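You will see two complexes here that share chain A, one where it goes with chain B and one where it goes with chain C.
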Partner chain A sequence: MSPLQFAWRSLSRQPARAWLGLTGMAVVGALLFDMLLLSRGLLVSFRDLLESTGFDIRVTATEALPGMGPALSDAASTAERLRGLPELADVVPVRFGSVALDDGDADGGGLRGAKRRGLAIVASEPRRRAEWKVVQGSDLAERGPGGRPEIVVNRAFAREEKVEPGSLVRLGSAPPAREFRVAGIVEFPFEAAGERMAGVTLAGFLDAFPAARRDEADLLLVASRPAVGAEAAVAAIRRARPDLHTFSIEDVLERLRQAEFSYFRQVSVVLATIASFFALLLVTTLLTVSVNQRLGEVAALRALGFSRRRITADLVAESALLVGGGGIVAVPLGLALARALDSILRRMPDLPQRLHFFVFEPRALALHAGFLVLAALLAAAYPVLLAARLPIAATLRKESVS
Partner chain B sequence: MSARAAIVEARGLAKVYPMPAGPVEALREVSLTVEPGDYVAISGPSGCGKSTLLHLLGCVDTPTSGSLLFEGRPVLALREEERSRIRLRRIGFVFQRFYLLPMLTAWENVELVQSEAGLPAAERRARTRELLTYVGLADRAGHRPSQLSGGEMQRVAIARALANRPGLVLADEPTGELDEETGEQIADLFDRVNADGTALVVVTHNLALAGRARRRLAMRSGRLAEPAAVAAT
Partner chain C sequence: MSVRLLVLFLALGLGAPARAAAGAASGSEAPEILVSRGLLRECGLSPGDVVMLSADPHGADARLFRVAGVYEPVPDPARFTAKRLEARMHLPDLLALTADPGEAAAADAVGAINIALKDPADAPAFARELAARAPAMSVVPAAAADDEHFVIIERFHLAISVVTMIGSTAFLLALMVIRADERREVAGLLRLLGLRRRRILAQALLEGLAIASAGAVFGVLFAAATQGAVNAFFQWRYDTTLVFVRVTPAIAARCVALALPLGVMAGLMASWTLLRRPVLDLLRR
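Coming up: the complex of A and B.
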């Protein structure tokens, strides 16, 4: 009978104890698994968002986040120069702005703005990749029918303003407001829940913000050539324009890792440590109680010639069954719990809708398994010590007297 | 005296237990030889050192002083792993409280020690069947200890003790938990085991059981009384 079979029979001998151990391990394991998902979830999710735009490099004028610092001047010529680099596949200037929706009359038949409410504007060129995804209608053209500038809006805006493709909206950072034709309804990767967003061309941006300086960009989105890779492309840009600040997705993530997201990482490390400690405590207690209850049996087995190694293997196998069984149940339980926790955390204001706190990745599963193996070994350590160092004769004598 | 090599040869064994109130001498100058086929009974009052002697003879414990040879090998010089191997392959133990594993069937209890000794599965199966038939429990092979009577459990324990064909079986109060009639059945079984060539050392208060041994030794305050040779019946 192998140690694993022996351990299984030992556990089945006290089903209540086994169920208690498995349930406890499943709950604690689920918490541990969730903390592993949380520790990198935001970064993985943020990487997905960044990658979903189709650009793997961001170029700004300063270290500040795009839109928060000074804009790039000479955007068109800079973009043109960078397009000349063989490492780059595409360069697109982007501008950000925020505008109030004009509540003027619905003279175009489609304007429904009843109150002055904010609208975040993203301006880009028609050559853009996936800064937004069209879900209804069509994408922007440089100029719409009748020479009107076009706009794409997100669902929140379309729902609140009751607009659809073909509707007209009047935008303007300063009077007089300019009329835009809604070309389509789109999804922006970084839009927050309920946030009103719209996309326009760079020329349209100047229509909405007549006072804005021409030929500026808050950000250059750059796509490297797949054969070259982001790092080489970043190096090429830095060589060509050392005055600019160039970030690969890895650079952006590293910056977030060290600053904005470190809080979640610290929380997850603390909670994962506590969860591991409780898992350890639970299994150690169960095994120690079990060994103490059968000291006579262990001594008899040793007297019959069972080696210390065999007794150790039996206890480690018992620990592995408890921890492993509970750990396996912990995965689906943890995923369900993660989904619930994620939906709570995502209610925080101003977070991109598509950003998740708990993200499954195989690495988390491997780490979870690694933690469990370690927990099983450590949990078995004290009971093993107790059983292996058991004085056989003294124990048998004590048992027969009692 | 037989010319055959002794299974156990103890000379001047002493065992002292360090206790908070001062050391306790459990054995004093005990010498004993057990030869193949011997049947030795050791009797004496509680606490006189019988079980201590049995544990020393069975390589479960080591003496404080004296010499102990098991099949010619000095036990004190052996590492714990080697003593463990001797216990597994050359010595069988029968306990007062049986110590059958409750989650295993009678069959599995008997097979387990063979499995630990590394016997092939086919050989284990044949030996287990043979032993359960030998102790009269072939029809109870699939029963767990909780489904067996005290006498049946002790018979399974004897089958387990014989599983690896030991040269010596040590029994510590094997009838201590049994009624008189069941004790008699166990005594009969020990007679058969000994008649089939296995040496037996039995520590017992049961005079009827002790009376069946060819050598009866009395123990008092850690000393063996002059062995009273008993003519084989």
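Coming up: the complex of A and C.
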């Protein structure tokens, strides 16, 4: 009989205990698996978001987050100079702003006004890349029919204001508000749930914010040439404009890893450690008790010629069955739990809708398996020691007397 | 009414030349600012230093300010991972530093106005009324804005606790089953001596209660004893005075209230699975 079959029989003799052990392992394993998903989930998800824009480099005036620090002056000439670099495929200046929509009613032609609610504005050039995804209508043109500036809006805004492509909206940071023609409904990569967002051209931005300084940009979005790569392109920009702050996606993620996202990483490390310790304690306890109750049986097996190695193999197999069985159930259980926990955390205000805290990676599965193998081996260590050191004759005598 | 100035992202033009120039220009006449503890340490400042601040990334139109003191920023759970490199200054100084000279209205513009009501409970009604009267303004009760993050984090922690509790309940049940199994023969003997099942179950209940109470009290004491270490670690890690863990009487009571019934139930279930068997079976005869 193989050690695995032997271990199976040992567990089957105490079904309640085995089921409880497996249940405990499955729950603790699910928690461990989730913490592994959480430890890198935000970074993986954020990388996907950044990459989905089609731009792999960001250039700002200072280290502050775009839109929160001083803007980049001479944006047009800076963008033009960077476009001349052979390492770069595209450079697009971007501006951010926010307005409260004009409260006035329509004055015909489907014109609609919003009531006291803000609208986040992203301004960019008519594009060649996927800063946002058009879901209805068309993308921005420099000027619409009748010379009106164009605007693209997200679903939340379109739904609340009941606008569609062709509708007119009035917006402005100060009276009088300007009319914009809705060119299309789009999906912004970083839009938060329920957040009202709109995109306009750089010229349209100045229509909406007449007091804004001309020729400024909060951010330059840069796409490197695929053959060159982001790192070489970043180096080229730094050589050309050392006064600017240039970040590749990796740089941005590193910064987030060190600061903004670090809390959830710390939480995941703490909880993963607790879960691993808990799993270890559970299996060690079950195996130790099991060995203590079967001392006579172990001694008899040794007397029949079972080697120490064989007894060790039996106990390790028993540990592997408990940990492995629980660990396998833990994966689907963990995925379901991760989905529930993710839905809780994603309700945080101002969080991009497409950002996830728990993201599945094959790496997490491999780590999960590694942790469980380690737990199975460590959990078996003490019971193995007990069984291996067992004095055969004395134990048999004690068993027969009792 | 108070106006809160957050000057988070002003470009700081600091260094020996700046200080020398500042000193030459009689820094004692410079307007005063307070700097956050983080900024003081990051830039190696000390009270009395004269610094140059500019809203331009290249340091254009810099103005002199004298560091009057240092302050600890109010801990913000929504931004505790960020370095708090901040300074506070008088509103006219900030406007003079940041306003566009070409825009007349900029010299009299503020980003936000904080309002303290006589009765904080009136905040939602006041916000509604003000929003109706000034449609272009966004009026948000401060408590409402802050609460949302807390509520979400609390829900997340609660969900994690529930999962942990399910796992530990399975563990506890397994231990109780083992324990009951070990006392199988004793239970059989007691039954033979005439003790009824209910009497033995009552004994198991009392034992479970004692063990669960001891475990719950130990857990609460352990949490109370280690909360300082947890807070110290996270406060060091994020350079904040925010309190991350606080074992309050309400939380301790909730833990005990959950642990006791769980412990007792686990003991009873394990004992019942044993006691329902025939006496001879318990005695392995």
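Here, the second predicted complex is superposed on the first by the 399 of 402 C-alpha atoms of A that agree within 3 Å, B and C clash if a C-alpha of one lies under 4 Å from a C-alpha of the other, contacts with A are read in each partner's own complex, and residues count from 1 in each chain.
Methods note: a residue touches a chain if its C-beta (ideal position, glycine included) is under 8 Å from a C-beta of that chain, and two chains touch if they have at least 3 such contacts.
All values derive from a computational prediction rather than experimental measurement.
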Look at A:K398 in the shared chain and tell me whether it touches chain B only, chain C only, both, or neither; answer first, second, both or neither. neither
Per-residue touch tally on chain A - higher for chain B or for chain C: C
Looking at the overlay, does A:R363 come into contact with chain B only (first), chain C only (second), both, or neither? neither
By the touch definition above, which chain A residues appear in both interfaces, chain B in one complex and chain C in the other? none
For the complex, give me every residue of chain A touching chain C. 14, 16-17, 20-21, 23-24, 27-28, 30-31, 61-62, 64, 68-70, 72-73, 100, 103, 115-116, 118, 174, 211, 213, 243, 259-263, 266, 271, 274-275, 278, 281-282, 285-286, 289, 293, 337, 340-341, 344-345, 347-349
Per the contact definition, I'd like the list of chain C residues that touch chain A in the complex. 8-11, 55-58, 80-83, 100, 103, 105-106, 131, 135-138, 148-149, 152, 155-156, 159-160, 163-164, 166-168, 170-171, 173-175, 177-178, 181-182, 234, 237-238, 273
In their shared complex, chain A is touched by residues of chain B numbered 51-52, 55, 58, 60-61, 80-81, 84-89, 91, 93, 95-97, 99, 101-104, 108, 111-113, 115-117, 160, 164, 172-173
In the complex, chain A residues that touch chain B: 1, 9-10, 12-13, 296-297, 300-308, 310, 392-393, 396-397, 399-400
